[in-house]
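One chain, chain A, links the two complexes that follow: it is found with chain B in the first and with chain C in the second.
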Partner chain A sequence: MWSAGSKSLYFPPLESIVKALWTQWVTGPARAEFASSLEHLAVGYAIAAALGIGFGAALWSLRYAREATSPYLYFLYVLPAPVLVPAALTLFGIGFTMKVVLIAFAAMWPTLLNTLDGMRGVDAVKLDTSKVLGLPRWRNLLQVVLPAAGPQIVAGLRNSLQVAIILMVVSEWEASTDGIGYYIVNAQQSFDYVGMWSGIIVLAIIGIVANLLFVVAENRALHWYYGARAVEGVSR
Partner chain B sequence: MTVTRFALWYALRPWLLRLGVLAAALGLWQGLSAAGVIRSDEFPSMTQTASALWDQAKTATLWTAIGQTLQGWAIGLAIGAAAALVIGTLIALNSFAYNSVIGVIEFFKAIPVIAILPIGLVLWGATLTMKFALVAFAVFWPLAIQVCYGVRSVDPVVRDTASVLRLRGPRKFALVIMPSAAPFIATGLRVAVAVALIVDIIAELIGGGSGVGERILLAENAGPSVYPIMYAYIVVAGVLGVLLAGAFTLAERYVLRWHESQRSAAGERLKTYPERTEVTLAVSLSAGCWPGAHPGVAVRGAFGRVVGVVGRLEIAVLPAA
Partner chain C sequence: MTEPGTASGVTEGTGTPVVSLSHVGKAYTSAAGTRVALADITFDVARGEFACVVGPSGAGKTTLLRCLAGLMPPTSGEALFEGAPLRSVPDGIGVVFQDYGRSLFPWLTVTRNVDLPLRVRGVRRDERARRVAEVLASVGLADTGRQYPWQLSGGMQQRVAIARALAYRPDLLLMDEPFASVDAQTRFELEDLILRVREEFGVTVVFVTHDIDEAIYLADRVVVLSRSPGVVTEIVDVTLPRPRDQIATKADEAFARYREHILGLVMSRS
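Presenting the complex of A and B:
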C-alpha cells in the first residue's frame, strides 16, 4: 500500500510518518496529548466499570426496579453516545470533567447490561443452595453470583473499553484543547497529513495495546473458567 | 384472585411500572427546569424539547435527516456485512487461510474506527461515500470474525454426513454451513446494526456528513436558543437506535424461528410465570465455617420459593425469582 517514495498528498510516505511518530510522539510535544488522552480514558473507564458492575448488581437484586427500567436502560445503551457531546459541552464546559463524564456515561451501559444478564443467568440451583446453606448476602454475591456471572461481565467490560476509546477521541475532537483527537483534527485542518497519519497510528496502537492488556487480564481473572471449560472438552 | 387474573397481572405489571418510571422521569425533568435547578439556557425543559420535536416533525428537515442517516447506515451495513459474509466463509473453510489471516483480522478489529475517520474525510470529504465507507469498515472486522467462528462450528457429524452425501459447493453452503453458522452470524449482525448507526452518526457529527448527527452539530453551533432542537434530535437518535435494534430482533426471531435458541426463547416468552417445581438438596461439606450452615432443602415452586432447612425446621417463603 505504501511505497517509500509515495508522492500522494493524502498518503505520505511511510518513512516520514515513522519519523513524525518519533519526533512528535516519542520525543516531541505530542507526548503531552498522549498522556492527557490516556488520563481521560483511564479515569472515565474506571468509573464506567465500577458504575456498570455496581448498578448491574443493584438492579439484579431489586426486581421491581429492574422490570421498571429495562426498556430505558436499553434506550441508553443503543443511543449513539457521541450525540451527547454537545449536551455534555453545554453542561460541563470544555475540560477534564466533561470528557471523563462523557466516557464514563457512555461506556457504562455495556458493562451494566452484561452484568445484569450474567447475574440473571446464574443457575437457580446454585442460588437455592447458597440460600439453604445460609450464606450471608455479601458472601452469596462475592462467592456465588460474581464468579458465575464473571465471563459475561468481562465481555461487557471489553465492549465498554472500545466505547470508551471512541468517546475519548470524539470528546477531544469535538471540544478540546488537548488530547490525541485534538492533535489529529488540528493536523488535518492545517493540511499536515504526516501529522494526521502519525496520530491515527498512535490511536491504532492504543486500541490494540488496550485490547491485548485486556486479554491478558481476562485470562488471569478467568483462568478457572477456561480451565473448567477445557476439562469439559469445550473449545472456546 | 383467580389464576387467570394473576397471570394477567403478572404480564401487565412490568409495563405499568415502566410507564410510571417514564412519567416520573419526564415529570422530574420538567420540575427541575421549572424550579430553576437546571438553567434553561444550558438544558431546555421537557416541554420545550417536546414542542421542538413536534415542530421538527412537521417540517421536512427532520425526515430528510432521518432518511440521510438511514441511507448511510443501510448502504454501509449492506456492504460491510456482505463482504464479511463472503470473505469470512472463504477464510473459515480453509484451515491454512484461517490460521494465517485471523490474527490480521483481530488486529484490524482492535483499531478504533474513529482513527479511520480522518482518512475518510480527506479522501471523500463530508459525503455519503465517506459515511458508508466508514460504516462498512467498522462493521466488517467484528462480523468477519463472527462468521469464521460460525462456519467453523459446524457439527462434525453433520459435516461428515454432508461429505458422505457428496454435498458440495453452493448446496453445501446453503444446506449445511449456513444453518449452523446462522446464530453466530445473527449475534454478529445484532452488534453490527448498533455499531453501524453509531459510526454513521459519528461521521455526521464530526465529519459533517448530512443526517441526524449533522443537525445536532448545527443546533449546538447556533447557540442556546435552539438547544431544544438539539435535544429533540438527540432523542430522535436514541429512538432510531431502539427502532433499528427492535426491528432486527423481530427479523432474527422470524428468520431463525426453526433454531433451538429461538424456540426455547419463544417458550420462555409464553410462560408468564414459573410452572415447574424444583427441589434442591444442599449439603455443605464445610459445615460450621459460617453461622447457619447445615444441610437443607430448597423447593422452587409455582408462585414462590420455599426454602426449608433440614434439622432446624426453618421455613422462609420468598417471592418467585
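Presenting the complex of A and C:
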C-alpha cells in the first residue's frame, strides 16, 4: 500500500493505522465518537428525507405556493450548506440540535427538488386513470403520484445522503465536542496523525456501508421499476 | 331508424339514455390561438347499446371521449350521463385507454391494479377478493393475479385494463382505440372478448376507433365523425346478426356494404 513501511510523520504506515482502527474505534474510546456521529447522521438524514418528500409533495399539490416560493427555493438550494454553520451555531449553540438541524436542512434540498420535479413529470394518462378510477386526492397522491415519481425521489434521496455525510463531518469539526469530525480535527491538532488517518478511514467505511444499505433499500422499493425496464430492454 | 341489433342478456334502451350529447363543442385556447376540436356533436346512446365512433385522425375522437368521461368539460353544448350533466368523472363510468403501458400502474400487481377502484369504493375485503377473481376470470386471466402488468404480453395487459374498468361494474364503458397497440390476431381475440363481457356485465359501451371494420364488427350503431373540426356526418345502424363471428360476419355481403358506405363517409372531404 501507499504507506507501507513509511517513516513519514504525515503518512504513517498502514499497519499502525489499522492497529489504531482496532484500539481506538473498535475497542477504544473513539467508539463514543463513532456512535454520536452515526446518531447525528441517522436523525438528520431521516428528518431531511421526510421534509424533502413532504415539502416537495406539498409544493406539487399547491401550484400557487410553488410559484411564490420558487425563487427562494433556488436561493437556498444554491447556497453551499457549510456556510450555514455559523448561523446554525448562533441559533442552536454547539450540540446535538445544531448538528441535526444543519444536516437536515442541507440534505433536504436534493430530495425536495427531485420530489417536486418527479411529481410534475407524472404521465398525464396515469393522472386521468386515477380520476377515472375515482381516487380521492390523498389516494391519488399516495398511491399514484408518489410511486410514479419514485425513481426520481430515490435519486434525490441518494444525493441527500451524500450531502448528509458531508454535513455530519463539517458540523462536527467546526464547533463540537463529539463525533468523528471532532476526533479527526482533534487528532490532527495534537499531532496524532495515526489517529487522524484512522478517522478518515472510518468515514470512508461509513460512506461505503451507507451507500450499500441505500442500494439494498432502493432495489426493494423500486423492484417494479427495474423489472419493467429490464422487460422493455429485452423487447426493444 | 332500423331496429338496433338485439343482444341477448342486455336490456335494450328504455328510459333515459346512458349518454346524451347535444351540440357538444370543444375548443382549445392557447397563446397560439383557438383550435376547434369538436364543433357540434349530437347523439344519444341507449342502455345496453354498443356504439362505435369512427372518423379520420384529427376528427376529435379522443377529445369526444374525454368529454364523455367527464375528464374535461365541453366549451359549448351539454353532455349528460344518465340524465345528469358531467362535471367530473362519475362513479358509473369505466374507461379503457389506448396505451395500457401508461394506464396500468406498474408498481402494483395485476390483482392490486384491479382491486384499487374497489378499495376506493369501500368494498369489503372478502367481497373485493371475490370480484377481482371473477372479473379476471371473465377476461381469461385467472392465474395472473400475482404477476406485474409488465410481465405480461400487450394483449394480456389490455385485458387487465378491461378487467379493472369492469371490476366496479360501471353502467358505461368508454374505450379509446383500445386495441390499436396490439397485433392483428390479438386484436380479433380482444374484439370477441369485449363482445362477450359486455353481455356478461350488461354494460353500455362507447368505443372509439379509426378502424372501420372493427367498428362495424362490434357496433349496434356507428357514429361517423367528419374531418376536423368534428361534426357527426351520419349515424349508421348496424343490423348484422349477433352473435358475431370474425369469419362469417366479415364475409357477409351486408358487412361489405356497411364498409363501403362508411368508408365513403370518412374519405369524403366535406
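The criterion applied here is as follows: the second predicted complex is superposed on the first by the 231 of 236 C-alpha atoms of A that agree within 3 Å, B and C clash if a C-alpha of one lies under 4 Å from a C-alpha of the other, contacts with A are read in each partner's own complex, and residues count from 1 in each chain.
Basically, a residue touches a chain if its C-beta (ideal position, glycine included) is under 8 Å from a C-beta of that chain, and two chains touch if they have at least 3 such contacts.
Everything numeric here is computed off the predicted structure, so don't read it as measured data.
J.: With both complexes superposed on chain A, which partner does A:143 reach: first (chain B), second (chain C), both or neither?
T.: second
J.: Which partner does A:132 reach: the first (chain B), the second (chain C), both, or neither?
T.: Both partners.
J.: Report for A:158: first if it touches chain B alone, second if chain C alone, otherwise both or neither.
T.: Once the two structures are laid over each other on A, A:158 reaches no partner at all.
J.: Touch check for A:67: first (chain B), second (chain C), both, or neither?
T.: Only chain B is touched by A:67; chain C is not.
J.: Between chain B and chain C, pick out the one touching the greater number of residues of chain A.
T.: Between chain B and chain C, the winner on chain A residue contacts is B.
J.: Would you sort A:78 into first (chain B), second (chain C), both or neither based on which partner it touches?
T.: The answer is first: A:78 touches chain B but not chain C.
J.: Figure out whether A:170 sits in contact with chain B (first) or chain C (second), or with both, or with neither.
T.: first
J.: On chain A, which stretch or stretches are contacted by chain B in one complex as well as by chain C in the other?
T.: 125, 128-129, 131-136, 139
J.: What does chain A use to touch chain C in their complex?
T.: Those residues of chain A that touch chain C are 123, 125-126, 128-129, 131-136, 139, 143-144, 147-148, 150, 224-225, 227-228, 231-232.
J.: Over in the complex, which chain C residues touch chain A? Could you list them?
T.: The contact residues of chain C facing chain A are 66, 69, 71, 88-89, 91, 93-95, 97, 99, 102-103, 105-107, 116-117, 120-121, 148, 150-151, 164-165, 168.
J.: Which of the residues in chain B end up touching chain A in this complex?
T.: Residue positions touching the partner: 13-14, 17-18, 20-22, 25, 42-43, 107, 110-116, 118-119, 121-123, 194, 197-198, 201-202, 205-206, 212-213, 216-217, 219-220, 224, 227, 230-231, 233-234, 237-239, 241-242, 244-245, 278, 280, 282, 284, 290-298, 300, 305, 307, 309, 319, 321.
J.: Which of the residues in chain A come into contact with chain B in the complex?
T.: Residue list for chain A touching chain B: 10, 63-64, 67-72, 74-76, 78-87, 89-91, 124-125, 127-129, 131-136, 139, 162, 165-166, 169-170, 173-174, 181, 184-185, 188, 193, 196, 199-200, 203-204, 206-208, 210-212.
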